[in-house]
Amino acid sequence: MIEVGVIGATGYTGWELIRLLVNHPQVNLRFATSKSRAGESLGAVFPSAPDIPLIDPEKAAMKGTDVVFLCLPHAESASVAVEALDASVRVIDLSADFRLRDAAIYQKWYKVEHPAPELLGEAVYGLTEVTRADLPEARLVANPGCYPTSVLLALKPLLDQDAINDTIIVDSKSGVSGAGRKPKLMTHYVEVEGNLSPYSLGRLHRHLPEMEQVAAWWSKKAPAMIFSPHLVPAPRGLLSTIYVRLDAGWSDAKVHDLYNQAYGNEAFIHVLAEGENATYAHVNYTNRCAIGLALAEETLIITSAIDNLIKGASGQAIQNMNAMFGIDETVGLPL
Amino acid sequence: MIEVGVIGATGYTGWELIRLLVNHPQVNLRFATSKSRAGESLGAVFPSAPDIPLIDPEKAAMKGTDVVFLCLPHAESASVAVEALDASVRVIDLSADFRLRDAAIYQKWYKVEHPAPELLGEAVYGLTEVTRADLPEARLVANPGCYPTSVLLALKPLLDQDAINDTIIVDSKSGVSGAGRKPKLMTHYVEVEGNLSPYSLGRLHRHLPEMEQVAAWWSKKAPAMIFSPHLVPAPRGLLSTIYVRLDAGWSDAKVHDLYNQAYGNEAFIHVLAEGENATYAHVNYTNRCAIGLALAEETLIITSAIDNLIKGASGQAIQNMNAMFGIDETVGLPL
Amino acid sequence: MIEVGVIGATGYTGWELIRLLVNHPQVNLRFATSKSRAGESLGAVFPSAPDIPLIDPEKAAMKGTDVVFLCLPHAESASVAVEALDASVRVIDLSADFRLRDAAIYQKWYKVEHPAPELLGEAVYGLTEVTRADLPEARLVANPGCYPTSVLLALKPLLDQDAINDTIIVDSKSGVSGAGRKPKLMTHYVEVEGNLSPYSLGRLHRHLPEMEQVAAWWSKKAPAMIFSPHLVPAPRGLLSTIYVRLDAGWSDAKVHDLYNQAYGNEAFIHVLAEGENATYAHVNYTNRCAIGLALAEETLIITSAIDNLIKGASGQAIQNMNAMFGIDETVGLPL
Amino acid sequence: MIEVGVIGATGYTGWELIRLLVNHPQVNLRFATSKSRAGESLGAVFPSAPDIPLIDPEKAAMKGTDVVFLCLPHAESASVAVEALDASVRVIDLSADFRLRDAAIYQKWYKVEHPAPELLGEAVYGLTEVTRADLPEARLVANPGCYPTSVLLALKPLLDQDAINDTIIVDSKSGVSGAGRKPKLMTHYVEVEGNLSPYSLGRLHRHLPEMEQVAAWWSKKAPAMIFSPHLVPAPRGLLSTIYVRLDAGWSDAKVHDLYNQAYGNEAFIHVLAEGENATYAHVNYTNRCAIGLALAEETLIITSAIDNLIKGASGQAIQNMNAMFGIDETVGLPL
């Protein structure tokens, strides 16, 4: 059994993570922490949750724990990661703290000095399908952002070919759980229902540097991106509609071949047939990424859908844990 | 022209009120106030609102104003009402402050001493169809609560007949705008969407004493009520399903006759045909109350629907204003 | 392994059933049938479904099958049940065909002569918590209706005590999947969204005789019911708010004691603490029934929530299967 | 008074049109027709509609009618237009029949021979803000499609400058009422709710040739478009997020200046301030088009929102009528 702790259990990703962990046959959940709700049970926070006690993070028994998942706000997360690593506990961080390799870029986008820049070089970017070779040895895994997961998996095969020359346009649509559980006017039911809201358009969202950083790892052409997130009146689900200019010589068949070769053996990546587009309905409540491919003259339109709480956060975190501990990646995850 | 002011313009009822007032052909909106957003425009608060300036309530020009609408929290409202009346401005209060006639009952339910008990005897309860005779002379009108509006209009004809002997069961279902615009976990999109939540069941909700007080005015039998509100995943709309035990001798036809006689001349009350039940779709975006009547053996099931923001708040407030100033009640209101 | 077939796989209950069955560790799904989509894969019907072939029901290999689940329209179901039983295959019928014991009452409500009245005496009513003793020997199980499941589990402890003297008022609120997948105006998105609709009020809905029949098994007082279903703008979930007049002598504590004793050992029935009401959020995506109890003077208000597709249909069907085959009832079901 | 008839009153656009027309102070609604519901009242079709009789289209009194609105399926509409024009009744056609100037292109996209190609040259494309000069003399107006309205108003100022050299990428998101009222699986509540679906991606949707045709009228560069519509879980609203590559030399200020000059005097077009993006909440239940402009390096991202049933259909149809009959365009329309 893998001995597991969850730090920060009362947000949507924390609860989704625990929901999956308690059904994972090779996991023993040792503790779940919450500063604000310590002493209560998880069932008091989420009506369908089991009665797991929430403890103060100070009381978390690191000794004997194999791995902790950090579901904390950025900056706060890195400090806890340091403590855990010092206690020889491996770390899967669901915050943004270890996704960017460059502390200066982190500071520019997150408006705070990085609390542990010495760890940036070591952290493995946990896009499991791509970086799984590094996971068995990893002490510290940076779980990717939800938008980057949908976008990077959709672009990887083309970036590997250096097939993208031009700015990539990414028009993403996310359900509301991605905005967190803290009540804000932006997530008030009456403001969201019946509405559809673009925000942080162009080059303003914090997931943009994460995506461009990784794209540059894969393609020496390091294409720039325009990224337009939208808030959708749905609790969960994330769809990115991506526009890529391709050279002549690509056909629908050739594009499908490329993706089927890249992902044919992946349990969680579903390359859809010609004519089929990815939707939330393909992926919600699963750890899948569904990818649709439609070529319109020289423009390839990729639709890439994930459940933002599962493949976009907690499911991928468990997939990473599975790879770190040498067990089948699909164990405990909804296919 | 009626010279009008709105005190507290940045909640859902305030904005709905202004939306209607600016299209009212006999109204001049002199000012709209907001403590928290003074200096901004209403359009900065609600994306579809016009650019009406929001002023600090201290700067509201009471002189020359005929009537003010108070869209304020309870207790706060009564104090402002006193000031307005002192300045010879008539008041339509959308809060709960003048709905209950007994200051002790007010204190019991609202947990605060009544700020102006001397006005309780004077306030007219503004259920327009019932109390319109008192409105032309009224200085102070207490606009009814949303739940009471749906329930009392549904019960009036039977209460007038002293036909109700037994406890009345009221199962109400409200859209989320009734809970206000201040962000709370209860109104977070992800908590509401896909959910349905009963709350304050039985004899716990503040609208219960308001309903029982008025029922006792109309029927010497003063029937008690069991009242179960539910939060529905919809932005607006309110439906009460009401269960009343009737004596033998009532038939579907006799019940419909009673209601058609009571309401046949009312522009805003739609008594539905036999077999038709009231729904949000009958009333949303109108000032209507739709009433369905279904007799099942000795139990009459009344379905009574209103738009909680219009007939349940701002629309009825304007209907009251129309009656106060001697103009046709339907002017400026969606039929 | 239990060798299982599903007849009628392309409705919402069929797909929910298969979703659960393919993850059930002691089940081998031998076939899934569809008349209209035979030859296609289930994944072509539901985007998140696996690629299970849909076969023509004529080609279903009954030989070697232990049990079939029937997800068919009423009347159609009974005929298929006869064929299966003739082939020595046990049957769990999710239609209404074997819920009523009296063929005349069936005909009155379902407007068709019962196709197999000779089986009515044998069918076990599969409200698992109540009838589990009969399941190991059962050849034919009638899976309860969704509304009856929520209502009967909520009333059982009181009916067992003969504590209910008076007509029971049941105000139920169901998500839209209960209305089936066939497109109708009533389930058109634009008609449902933002709306709330009562229907078949009083004594008109087909689940009424089912509930009254079972109540009469449990209490010699055989209380009558008034039943008011409402359609809620949510995909799944079912809440019944039930009003029962109790004698003096009952307290909140006494009621909770009764229910805790009745259900304390039940894995799927959650009796909520005083002050907590059942909501969809307690139960959706689980096989639970959550029961809240609130006493207001002499009226007990019971809130009873289930996921209509799981505990109200496919989950309970699997719970029944587990009991029929002597394995732990919770296997393969979300707690 | 303008004497008006509505042909085809029982779809969403028909009812929205009538809702507006009955409140229009200079309109007399002479008749509303329906083939399938003739003899019933509009209130029997839509619960909140007034009791306007629906007559068989054969019985519509063309004589004395000034203008008819056609809310019919394509191909069917053109034949009725011919009849109306023959009876000297002006026509505003909300179908696609007279939007494309070339009968061959019409046939290619709508899979049917055009029923009245001789009228194509005469029809005025009723994008009111652009073509209002032609409306007073027009006998026949082609009301634009919903997607083209949002896209063409957003692009006009740039096309007029020949500022667009490259393929335009249009990512549009529409509420469900745009798909019509006829029940289909695609519009079933359970399929739509919680989902988000792209469809007809790239160069497959019928509104594409309409948009490219008009763009070519305005800019000799006749830019091509990639058009990706998405179905959003909302009853109404339409947002197009449009990506245009601009030459160096454009700044946010310069773009805003251009649009403010183009639209500064337009009552229904709201050019938003820098940093503000268009949402459904800016426009629903109004006849507005809200336009947000965000420049990200060389890419201009335009967000353009309309209410698909009002500015995208019935509201713009009335705006066209107003212009045809020489009255203020805003009369009878929600600002």
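Every chain is named by a letter (A, B, C and D) in the order it is written, and numbering of its residues begins at 1.
In this section, a residue touches a chain if its C-beta (ideal position, glycine included) is under 8 Å from a C-beta of that chain, and two chains touch if they have at least 3 such contacts.
Every value quoted in this text rests on a predicted model; they were computed, and no experiment measured them.
A.B. asks: Kindly list the shared contact partners of subunit B and subunit C, in label order.
C.D. replies: Touching subunit B and subunit C alike, sorted by label: A, D.
A.B. asks: Specify the chain most distant from subunit D by Cα centroid.
C.D. replies: Farthest from subunit D by mean C-alpha position: C.
A.B. asks: Per the definition at the top, count C-beta pairs in contact and tell me whether A-D or A-C has more.
C.D. replies: A-D
A.B. asks: Counting residue numbers used by both copies over all numbers at the interface, does the subunit A-subunit B contact come out same (over half shared) or different (under half)?
C.D. replies: Same, since most residue numbers here occur in both copies.
A.B. asks: Could you work out how far the Cα centre of subunit A sits from that of subunit B, in whole Å?
C.D. replies: Averaging C-alpha atoms per chain gives centres 46 Å apart.
A.B. asks: Calculate how many whole Å lie between the centre of subunit A and the centre of subunit D, each centre taken as the average of the chain's C-alpha atoms.
C.D. replies: From the centre of subunit A to the centre of subunit D is 39 Å.
A.B. asks: Please compute the C-alpha centroid of subunit A, do the same for subunit C, then give the distance between them in whole Å.
C.D. replies: 37
A.B. asks: Going through subunit D residue by residue, note those that touch at least 2 other chains and give them in order.
C.D. replies: In subunit D, the residues touching two or more other chains are 191, 193-194, 233-235, 279, 281, 284.
A.B. asks: What does subunit D use to touch subunit A in their complex?
C.D. replies: That would be residues 167, 169, 171, 173, 175, 191, 193-199, 201-204, 224, 226, 228, 230, 232-237, 239, 241, 243, 277-281, 284, 292, 294-299, 301, 303 of subunit D.
A.B. asks: So in the complex, the part of subunit A that touches subunit B is made up of which residues?
C.D. replies: Checking each residue of subunit A against subunit B gives 12, 176-177, 181, 183-185, 187-194, 233-236.
A.B. asks: Note which residues of subunit B are touching subunit D in the complex, please.
C.D. replies: Those residues of subunit B that touch subunit D are 46-48, 50, 194, 279, 281-286, 288, 290, 335.
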